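Going in written order, the chains are labelled A, B and C, and every chain counts its residues from 1.
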Amino acid sequence: MPLLKCEHVSKRFGGMVAVDDVSFEIMSGELMAIVGPNGAGKTTMFNLINGVFLPDEGHIWFAGVDVTRFPSYKRAHLGMGRTFQIPRPFASATVQENIAIGAMFGAAGGELNVEEAMEVADEYIDLIGLKAHRNKPAGGLTPIEKKLVEIARALAMKPRLLLMDEAMAGMNPKDIDQMVTFIRHIRDVEGIAVVAMVEHIMRAVAGLAERVMVMHQGAKLVDEPTREALNDPRVIEVYLGRQAEEFNAKG
Amino acid sequence: MRGSGKYLPIVPVLAAYALLLLYGLAAPGKWQLVAQLAFYCALGQAFNLFMGMTGYVDFGYVAFLGVGTYGMAVTISSLSDGGLGLGIILIGFLAAAVFSTILAMAVGAVALRLRGAYFAIATIGVNEGFRYLIEGARIWNGADGIIFSRHLKTALGRKMAMTVSTFWADIFVFGVAVLAAVLTLYYLRNKVGYALLALREDEDAAKVMGIDVTRYKIIAFITSAALAGLLGASGWALKLTYVYPPDVFEIHYTVEAIIIVLLGGAGTLMGPIAGGLIYGVSKYFLAITLPGFQLLIFAPIIIAIIVIFPEGLVGILKGKVHGTSLEKFVI
Amino acid sequence: MFFEQLSGNLVQGLILGSVYGMATMGLSLIFGVLQVVNVGHGAFIMVGAFTALILFQSLGVPPILAIPVALLIGMCLGMIFYYGAVKPLVSPSGAGIRKVGRRQLGKAAGVFVAVMIAMRILSGVLDLNIAFSIFIAIILMYAFLVYVYGGRRQEKGPELATLLVTFSLGVILEEVVKQIFTSEARGYNWDLGKLDLGFTVLPFTKILASGGSLTVAVLLYLWFNKTRAGMAMRSVVEDSVGARVCGVNVDWQYALSFSLGIGLTVTSGVLLTMFIPVGINPYMGGGYTLKAFVIAVLGGLASPYGAFFGGVVFGLLENGSYTLLAALPGGEPFALTRFFSFVMLLVILLIRPTGLLRRKG
């Protein structure tokens, strides 16, 4: 049984169709990337999976439950974690408190009290290597540290699926490689399925994902294993092709 | 903050209230001032439970004090012949809490579904709206209000009624202040507090973390409203032994609550006490030296605090003691 | 009899509604451009009412001619308040974000003391009392801090802060006016004769007020749609980032919209007193704030024209409901009408929360 299943999901804003009849599945422990140029509907798709928006048509199942009309927090209780494109840690809370909030209210939340959640948070602080900042307000961290706090906060929720919105935007190649290793590591150790949304960093896609879904103008273009997807003529046509042409023209 | 130290910050709070109470009992002629200060601390503490913890402003907050006042007044004026003795006051407090809780649920059902500015718009007319409902539909004696000093004497006897309105009413205000402080600390140290912190900082991110934001907003809203009801029942109803609609729905009390919370530091435990004491003392002296000018002087100070020191006094103090041994006492 | 009364009240409601509509356009304009809800709205209406009253009573200026004066006063107030208190919270270019430290505070305290001393010396000449001196000293100390060292940016977003600041600005206006004119209710009597429609009588002053409101609304429409400046402001409402990219000075547009919004609101105070020339007092604004919010959510909070039509609808509803409530036995129709407008606000917010909740874009 798939962990996440989207069936004919559509979302319109006014006259514009942001997501157009998209269906796909994700298995437990899978690493998948949703790729597409700006405006392809990736963020809307994320928001639909996550419950920030409700779809106009179609159904979404998560962990065997029909979550189509569920608010975000109920999806989180079922084990869906998320990070944002621009990291949004709770600025006045300390790093430890931020992560503890994830542990307190996420999928693990039912049983944990504040003290237990703080202990869980300490484990994740070690994992992301921010022990020195444990008691500092998250608002004062660097963007990359904020991103790490946000990922740790999502992991502390004990999710079965982690949605990462542009996890590597604005990073240099070295940081990207580290992040890819880190994401693979959490998948391998904790068995979490990860869906990463990537706009244009193909280096990250190739290293990270086992499967790629390419979106174009709101619809699903291809959904294939990474190697095939990146060599698919349709993908090259709408997405990579343009970059390749530009590259060739310059070269 | 693990283990037994978790609730330590209640110590300075209790000490502050105990000192204030002792001062009032010991210094001749200062009881009224002390009672007023306790009222402001309690008001700030109750208001802070919602505004400070969630970051939403309820401009109609005084309505909860107003209905609480009515809760006590209606109870005493209708049950005074029942031979309940002091029990009548207990029932009055119960009625006050119930009235304000019901109003909070009615207002909250609409307003708490709304975000930010729309919430403020929904609440801004609550006090006026409720006042005009009472006057317009002639509920609870309409625009004439309820005068129940006679009923209080019937129920408790002349001497006891006197003591209740001149002394015990103020002690009850202290009680409300302490109750509000205990609840604030309890919330701050438990899941409720972290949920409120998260939703105050970023409501969307909070939802994604699995926080049922509406539920926690309702908890804070109703707690804050019920405390306001108790405060109205003690600080106004029992003390004055009458209720008059334009007085108990007067928006200036909401203004005072805002000043106190901002002055001390929104969302902190001790902020409202610091704010209440500073505001109360300055108002007391301004009322003597410059009667009628309090708001003229305090309104620009609110703006100055918001623009220059948004974290308030205790917020600044918290920054100063960070990393020292005093840290666990100051929140 | 009842229907005659009802239709009479509805006609009155229609013309009062057009004034209500105009009185809400400023609120909507400010929200549309700056995303700031002016919680002190009613206090600015009060300033307009006093402008009309004072000009008429002490200089004999007919209230209709007080409109340009009120607009000017309002726009000046708007500019002062925008740069003094609102800009540090909302400025799109992020101006004024420095921290205030001990040294700056020390200097500001110095300003405070110096001003206090100056006031003490001047108080004999200017006949200022000490409270006003304190007030002015606080304002100057504050202005010194904000101007020389900048405000501090709000970490949690400007919403809560702007609500509290506009609320406090309203309180300041009320208190200043109270100190100057006391809190007693005043009124004036400007009589131009009456128009008898048979079922109701309309004083010409009311018709003039309604006509004035309509004129202002039309002028605003033309300005927004036919002039460069108006279109620049509209572009900020549509998309402030896009507008900046296209070379619109968004900072200045913010200041201008706030100032214009306040100007319109103060002007509406003049027109409202032409309709109801009594009960002018420093705290008269509270009721109008509530009404303006009902109207604004009726018409869509960010749209000045929506607000105008919302005002007309509200005027009809208010006067219609008054007639109906007066027919009920055992109630106080005036108070019930005010309760009714509050219920209306909650109901609108309840049935259209999504439409109203959505911010632009």
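Assume a contact is a pair of C-beta atoms (placed from the backbone, for glycine too) under 8 Å apart; a residue touches a chain by one contact, two chains touch by 3 or more.
Everything numeric here is computed off the predicted structure, so don't read it as measured data.
Asker: Quickly list, by label, the chains bordering both chain A and chain C.
Answerer: B
Asker: More C-beta contacts across B-C or across A-B?
Answerer: Counting C-beta pairs in contact for B-C and A-B gives the edge to B-C.
Asker: Could you give the separation in Å between the centres of chain A and chain B, each centre being the mean of its C-alpha atoms?
Answerer: 43
Asker: From the C-alpha centre of chain B to that of chain C, how far is it in Å?
Answerer: Here chain B and chain C have centroids separated by 30 Å.
Asker: Could you check chain C for residues that touch two or more other chains and list them?
Answerer: 155-156
Asker: Do you know which chain A residues sit against two or more other chains?
Answerer: Within chain A, the residues that touch at least two other chains are 91-92.
Asker: Can you list every residue of chain B that touches 2 or more other chains, as numbers and ranges?
Answerer: Expected reply: 201.
Asker: Under the stated contact criterion, what part of chain C meets chain B in this complex?
Answerer: So the residues of chain C touching chain B come out as 31, 35, 37, 39, 85, 88-89, 100, 129-132, 134-135, 138-139, 141-142, 145-146, 151-152, 154-156, 159-161, 163-165, 167-169, 171-172, 174-176, 178-179, 286-287, 289-290, 293, 296-297, 325, 330-339, 341-343, 345-346, 349-350, 353, 356-357.
Asker: Over in the complex, which chain B residues touch chain A? Could you list them?
Answerer: Contact set of chain B toward chain A: 1-3, 189-191, 194-195, 197-198, 201-202, 204-213, 323.
Asker: So in the complex, the part of chain A that touches chain B is made up of which residues?
Answerer: 50-52, 71-73, 76-77, 81-82, 84, 88, 90-93, 97, 100-102, 104-107, 109, 113-115, 118, 135, 153, 157
Asker: Which of the residues in chain B end up touching chain C in this complex?
Answerer: 55-57, 59, 107, 110-111, 113-118, 120-122, 124-126, 128-129, 132-133, 135-138, 142-143, 200-201, 251, 255, 258, 262, 286, 289-290, 292-293, 295-297, 299-304, 306-310
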